[in-house]
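First chain A sits with chain B, and in the next complex the same chain sits with chain C.
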Partner chain A sequence: MKSLWGRIPLHGSGMTLTIVFIFGFVILVVTSGGTLLSHLAISSLLIYLAVPILIGMAQMVVLAVGQMNLAIGAMGGATSALMAVLMTDHGLPVWAAIIAGLACSTALGALNGVLVVLTRLNGFIVTLGTMTMLLGVQYLLVRTFTVDGYPDWLKKAGLQTVVGIPYMFLTAILTAIVVSWYFSRTIAGRRLLATGGNPLAARLSGISNDASVFQAHVISGVLVGIASLVTIASAPGINRSIGGDWLLPSFAAAIIGGVMLTGGAVAVFGTVMAACVLRLVDVARAQYSLDTSWVNFVVGVVVLFTVALSEWRQRRSTLQKMTAEVPE
Partner chain B sequence: MTFALEASGLVKEFPGVRALDGVNLTLRPGTIHALLGENGAGKSTLVKIITGVHQADRGELRMAGEVRHFQSPLEAAHAGIGVVHQERNVVPAFTVAENITLQDPPRRMGIVDRDRQRRMASEALVTLGVDIDLDARVGDLSVAQVQLVEIAKALAFSSQVLLLDEPTASLTGSEAEKLFEVLQTLRDQGTAIVFVSHKLEEVFAICDTVTVLRDGVSVLESATLREHSRRQIVDLMVGRELAEQPVRHRTVDRSITAALRLERVNTGLGHRDVDLVVYPGEIYGLYGLVGAGRSELARCLLGLHPVTGGQIVLDGTPVRIRNMEEALHRYRIGYVTEDRKEEGLFFEMPVRHNVAVTVWRRLSRGIRGVSQRAENDVTSRYVDQLDIKVASNQQLVGTLSGGNQQKVSLAKWLAADTQLLIMDEPTVGVDVRTKADFHELILDLADRGLAIVLISSDLPEMIALADRISVMKEYRIVGTIDNNKDYPKMSVQIMDAIHETVHTVA
Partner chain C sequence: MTTVLGQTPPKNTDTPPTRRRVVGMLTDQRMALGVIVIVLFAGFGIINPMFFNGPFVVYPLLRDTATFTVVGLAQMCALSIGHMNLAVGRMAAVSAMAAGFSFERLHMGLVPGSLIGLAVGALVGAFTGWIIVKSQVNSFVVTLAMDFALLGLVSITYTTFTSAAAFTTKPPGMATLGNGSLGDYCIGNLCGAPNVPLLVFPALVSLIAVQYLYGLTRVGRELLSTGASLRVSRLSGIPSDRRIIQAHTISGLLAGLAGIMLAVASGSFSAAIGSEFMIPSFLGPVLGGTLLVGGAVSVLGTLLGTMLTLVIRQGLSVQGFGLETLNITLGFVLLVALSTQRLRTVTWRPWRRSRA
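And then the complex of A and B:
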């Protein structure tokens, strides 16, 4: 594990965001008179971090290969609905429904991947299509009802804590560590980044770009599956609105976290910290009973500002590098 | 006599490199002026300063005796300077008339004045003496017609000075002839034309005066072309350093099994009956003009395009190579690409990953993944061996100099322990000293037993390195010559091989 944490850069978006988070958190704690430090407040802060972290990474993986996944919310919605319906209407045991759900989201990711590779269309267009299809599927599964006929213990399972940390949050963090390992150490992960960075050079280096693109979509599917799982393990019921508000946060977390839209790079730590900062904005909203529309406005501004800033930083550093002498 | 354009003492620095270091050029009305120089000599920078894309740090630019420094391409265009860049600058979905007036469409009350637009476009085409439908979509035109539209576009405002950067690169022989007729018409009307080209035949056929750039300096300034021989011009372009490099004679053992043998190979890209043999330790040169099919042959060997007939024999065994992965991991063939940035390297990744990308599989240790230490060891070995200047193995490749980048793109193939290395224009865009280093390096690799196929359009380089040289023309090999590394004799033989086939093909 040491090598993994040692890899976390002490500069760049991740570190900046950590400072922003600590700063913002302290301000909130002070202005709220310390109520934010209560056990309940902390654990609710962490609980609602799990999904943003997971979907942020699901988007990050696809961005890394140079594409986008617009179907993240629809995949999550359909997967959650499927699990709920299997348990409620078909009496499947919890473990079987979970396996079915994970298999479903993985298959949906694979479907995106296959379609992108076979049609040679951009991932943006393919996932726009599958998103629309899946919204229909989700509606067919739950209609206008809230499906909640699955065991009560499951609805609260994610909220249980171990040494004060909710299982949901733990799941998200463990997943982040695995994703980080995947990109830094495995051949497949590095090849995926190579494809995103320069597909022509990747091909000439003996890397199959098709395999990389397929893989990115499959992993995105797996991560959405985990996000659906923590959703069902913390929500009182599943209806057709689940997943409807996942798409924007997934981009926001990845982009604020420092992932380039052009592909070739990931920022796991940055994405996690970006999700934390976004979550803090939400907490502030609750704390001061701010209007939700203003919160959205602020998030939008932050996204634009961060992208502009990273673009500017990149351009400046390229210029510096161009002028820098290479030591003899 | 007044000059159409006068440049004196132009200096232009970019971060880390002085692209122009004192360039003088005078251009008379009614002449075609050749601007020559090797890659990186500063031709494009000069063209861009004259046309307002870049601004000179020092020096003066005069038009008709008056000092002018253009802040933008539009300003230059209105002053009567037109340019056709090497890359196409047309909008395929627009009509011919719209494209010709693209830079500054005629307007009336803020709306495009269609009548005046058509009139301007038609006048420009008449000046050229060509007939193209004003309402045709440019996307539907032939390459040669698009080229003419580009020239008309450059002339839309006025026609005092016209700059053409490699205008014939994508044209066939007869299309180029047609273009030359147009240029001669323009010259006779008093236009001053700057003609940038690599093809000396063309330059000698149509140009009146010449300026040669080398390393950002004008080493021959606005001289009359007829007073200089081809040989003199080439020497001025490449410089003395290269011409005086010691010749290294090598012997190749051709009694052993050939590393690569092609027998009457046909490909899906159009190669016909290609025969060639490369032995271990041999540098096999593949010479030809741009578009002769050399890089394309390399790509077919790598499995990127289909081989439709004949046989490929590697180390005595007939093979079918289906994709690059197989070419690399199974048959140990490497390919150093011509275009480092587009195809060779991952600019945003560290040196370490760029070198080890071909051997990650070998460096992987089960669940622990790719061993960082092994990756570092491999990288350091080749950084030392090829003398690559890096701050650390972690440095991003995009931040290295051109020569060092090229060495990294070579290192990844050496790391993969390739037996056959195809090098496509290995010294394009690197400076003279790095080029000499690279030549040493290529000879050393061959001495160690690597079979090398060298693709190069640089004749002195080809003659300095190759053991045998095949000339490729129109996707066929038209002659193979043993190279005795005597430049004057070999260059004549190679040129003959290219020209003889012009007759046999025609």
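And then the complex of A and C:
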């Protein structure tokens, strides 16, 4: 069970975040006088948790190889727009549109990967470029309209629950389990981490760094595709602002969750819990009817605090190791 | 005028010096950029003569170039030490907010109010640099988090202090600075060009000051050295921590200047100032030849790179193309231009580890 969730869950940032989440949730329940425990409140809390979890993992995967993906929001926006337009304007059946959407986001991830590998350019710049282009594509697809002409049952599917748990949330959790399995149990996943940890050592042990980087971008694309699917099933319609607010939460979830920007480590459980905590901040804002700006402010401060803390902890542990080695 | 440290140019003893210089000039990235800008400008004008229209196209084009060049310089200063400043836009917003506050609430004049705005920008930059140095955390994360925090702070301030979410008081001189041109000033019969906005002057001053800093001062060389190799700089006795804080301070100061320039041009100080700054801030310096890994900057290149993106932007919108074509073209130009730059420098790691 330990390796299934990636890095040491019992004393990693995942555990800390779980405690923070439970603590925060209890406070919110008490101050709301219990309304937060109603069926509707719980399911809305969970439905809108799916996208942050998925995009946090999409960012985490590329961070694991020491890359980053600025195009996450634009990829998601363009993919959702494509699916919506295919169903509404071209009359494609739902399953065909979903396959087309997933293929599209996977292809976009592959494009990022190919560009990074071929041009040897910084992933930051490559994805900045593709992001700019995809924002254009999304606008080209939906213009200034909100596309919502796709079947009603799809829109309702996002709100349906099984024993009180929304399908969308289950999708995200299932994906998280698969991703976690991929990184802890498969050869491809381990190779990806090896590349992120030390490219030179990875190459000397016969791992193709190019293949790892490509793979990471493709997986990121697949995860964005799932996030787009969740979006189309739970949002009232698709317009050009979809995906516009994905970039910062994707970094926030991964970084607060304990993923290092230098690569070589993933923290699936941490990322999931970080997404939960971020969602809780949003719920708190709604409950106390605060300005949206407060969420940004709090999230920014929390990210800063988390990274500073983890850096400090890491330095302290290396210091301890160094002093421990002295007597030998 | 590219200021590079840590790289020696390849010695090519076979070709005579004059020829080498000519070949060097032709293959120089900035030369190529300059030629492309001129060709594009002429091309757009030939396709549609409206593009040469002074008051409607050339004047706003130059005004935008002035603002975005300063934004590009702000990013360039962070890039010079191998860092990034993702909060350029928000630092601009904070400066503009402080200036607007001084005008509206403290009834200050144009100059003192702007100075307060600039000081606030520099302070925010210095604070960011201080966090990076003290926490040893990657500049990407710190400035990203800073962006979040400032975004919140700016919106909260505007909603608290104003009713319309903007400071609209215009101190005397602001309208002239924002909308005036050289054509308004005459010496005898000789008048300035009517299509050159007054706002190009702050940009020119910044260009010269930054070029002077990196080209001719000890601090500038030490900044580049810190960017080229933090470890070597430390070992050579350069106070790298102080240089890192200084680079971010200058970055904040310039971002603030750009924010105030935009606010002066648009006539209102609102939270939207700077929200469009982040992507262009990278386009200008990176197209102009500033390395992302640090150690090399190009001031003139930043100006030319900014001009290139804005000429494309303006040119396409005059031709009647919409936002979508604009974005697709800009992204494409960025990728193509930089892929060719691969010949110049090969970077594998996304960034140098700050604790190298």
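Heads up, the rule we're going with is that the second predicted complex is superposed on the first by the 317 of 328 C-alpha atoms of A that agree within 3 Å, B and C clash if a C-alpha of one lies under 4 Å from a C-alpha of the other, contacts with A are read in each partner's own complex, and residues count from 1 in each chain.
Note that in this section a residue touches a chain if its C-beta (ideal position, glycine included) is under 8 Å from a C-beta of that chain, and two chains touch if they have at least 3 such contacts.
All figures in this text were calculated on a predicted structure; none of them were measured in a lab.
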Chain B versus chain C as contact partner of A:Leu204, first or second or both or neither: first
First (chain B), second (chain C), both or neither touched by A:Phe297: second
Which superposed partner A:Ile125 touches (first chain B, second chain C, both, neither): second
First (chain B), second (chain C), both or neither touched by A:Val218: neither
Which of chain B and chain C A:Leu192 touches, first, second, both or neither: neither
Which partner, chain B or chain C, touches more chain A residues: C
Chain B to chain A touching residues, read off their complex: 14-16, 302, 304, 323-325, 327-329, 335, 337, 342-349, 353, 357-358, 360-361, 364, 368-370, 372, 389-391, 396, 398-401, 404, 412
Chain A - residues contacting chain B, complex: 3, 181, 184-187, 190-191, 193-194, 197-198, 200-208, 260, 264-265, 318-319, 321-328
Residues of chain C touching chain A in the complex: 84, 131, 135-138, 140-142, 144-156, 159, 279, 282, 286, 292, 322-332, 334-335, 338-339, 342, 346-351, 353
Touching residues (chain side chain A, partner chain C) in the complex: 66-68, 115, 118-126, 128-137, 139-140, 199, 248, 251-252, 255, 261-262, 291-301, 303-304, 307-308, 311-312, 315
